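Right, I'll just put the structure down here and ask away after.
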Amino acid sequence: MRYGARNAINATVKSVKKGDVMSLIKFEVSTPAEMASVITTESVGHLKLKKGDQVQLVVKAIHVLPVKE
Amino acid sequence: MRYGARNAINATVKSVKKGDVMSLIKFEVSTPAEMASVITTESVGHLKLKKGDQVQLVVKAIHVLPVKE
Amino acid sequence: MRYGARNAINATVKSVKKGDVMSLIKFEVSTPAEMASVITTESVGHLKLKKGDQVQLVVKAIHVLPVKE
Amino acid sequence: MRYGARNAINATVKSVKKGDVMSLIKFEVSTPAEMASVITTESVGHLKLKKGDQVQLVVKAIHVLPVKE
Amino acid sequence: MRYGARNAINATVKSVKKGDVMSLIKFEVSTPAEMASVITTESVGHLKLKKGDQVQLVVKAIHVLPVKE
Amino acid sequence: MRYGARNAINATVKSVKKGDVMSLIKFEVSTPAEMASVITTESVGHLKLKKGDQVQLVVKAIHVLPVKE
């Protein structure tokens, strides 16, 4: 199975909080991973991003898609 | 600085590939992290998600926002 | 009215489940449609995508915007 | 394989346009499908959505994730 | 025409930069607007959000959908 | 602090509606702002977008990320 997405992170479910329509799931990520981001080339210039820079990767929970075999 | 997002992962830039409008950035994530996902409660039932389950967290690169101090 | 989006699918509402803040709506799509996806060129290579391939198009419900005249 | 997403549509690749960083893929969807949307309950009221309503489902191509076995 | 989205901002096109697959468009927003955000209730607690707080609303350009009559 | 996003709008919280898992927050935007959108170059052609055009910028509330110092 192959996804058209650059990020696929192995994780273990820690908790599930069920709401009326939406639910929040927490995961433990145990192994280091490579991640990828696509932003405008303008933003790369604005951030002055270059190899070795320390950043935080912010992702809204709504954009994380769990897949289970 | 606080974000209205449940995922904020420390990472190091490994490479920057600049395109005409969009750019692709790769990161190394060195430390384990907790992650969170919001999906419909229907999908939780469909996936039968429960504590201890192994999953893959798939995230399109376009949804990853780098933040730099 | 024209949208800056490549997918606009005619559909009929089948059910509405109202939650406290978010609601889930189900639709029947009766006519075949063309759809489009944008992914990284790296992912195209990883998926080895070419004309005639069978795929599944996965879309989180949160990314589907209903528009009504 | 199960996804934490309410939409999974069978489709056939019609064309692939590769760009420097991002690529655009077109698909033919041959079979009718059920689709789902999550919006705010406020928006449901604003749209006055009810069973039987005709709508257009607008989805940016960037939010469509192709998955291939 | 009604959209299942809580943000619809009147704007004027200032510039269009066309790329091979994706394009970047800049807009002038001349009138003040109300905006809305949906985040997890956990994040509301983490941000300690309350009436009167000053914030920045960060939105990736990819999530902005231009609509033209 | 710099974000890999083209839109960062100053705003004031007007109301917070807390739900079981997700919450809806309304903001007042008092100052005019520049905004940016990324869409496919195909969509630019379809919309015939050019300098001076009046448009509506539609953004789902789920894609708006509040950041607080």
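Residue numbering begins at 1 within each chain, and the chains themselves are lettered A, B, C, D, E and F in the order written.
Here is the rule we use: a residue touches a chain if its C-beta (ideal position, glycine included) is under 8 Å from a C-beta of that chain, and two chains touch if they have at least 3 such contacts.
Note that the structure is predicted; figures quoted are calculated from it, not measured.
Number of steps on the shortest path from chain C to chain D, with steps defined by chain touch: 1.
Each step here moves to a touching chain, and the least such steps from chain E to chain F number 1. At the interface between chain C and chain F, under half of the residue numbers involved are used by both copies, so each side presents largely different positions. Taking the mean of the C-alpha atoms as each chain's centre, chain A and chain E sit 21 Å apart.
Averaged Cα coordinates give chain A a centre that lies 1 Å from the centre of chain B.
Within chain A, contacts with two or more other chains are made by residues 2-6, 18-24, 36-40, 42-44, 47, 49, 58, 60-63, 65-68.
Because contacts link each chain to all the remaining chains, their graph is best described as complete. Across the complex, chain D is touched by residues 17-24, 37, 39-40, 42-44, 46-47, 49, 58, 60, 62 of chain B.
Partner chain D is touched in their complex by these residues of chain A: 1-5, 21-22, 38, 65-69.
Note for the complex: chain F touches chain D at residues 24, 39-40, 42, 60-61. In the complex of the two chains, the chain B residues touching chain A come out as 3-16, 18-41, 43-44, 47-69.
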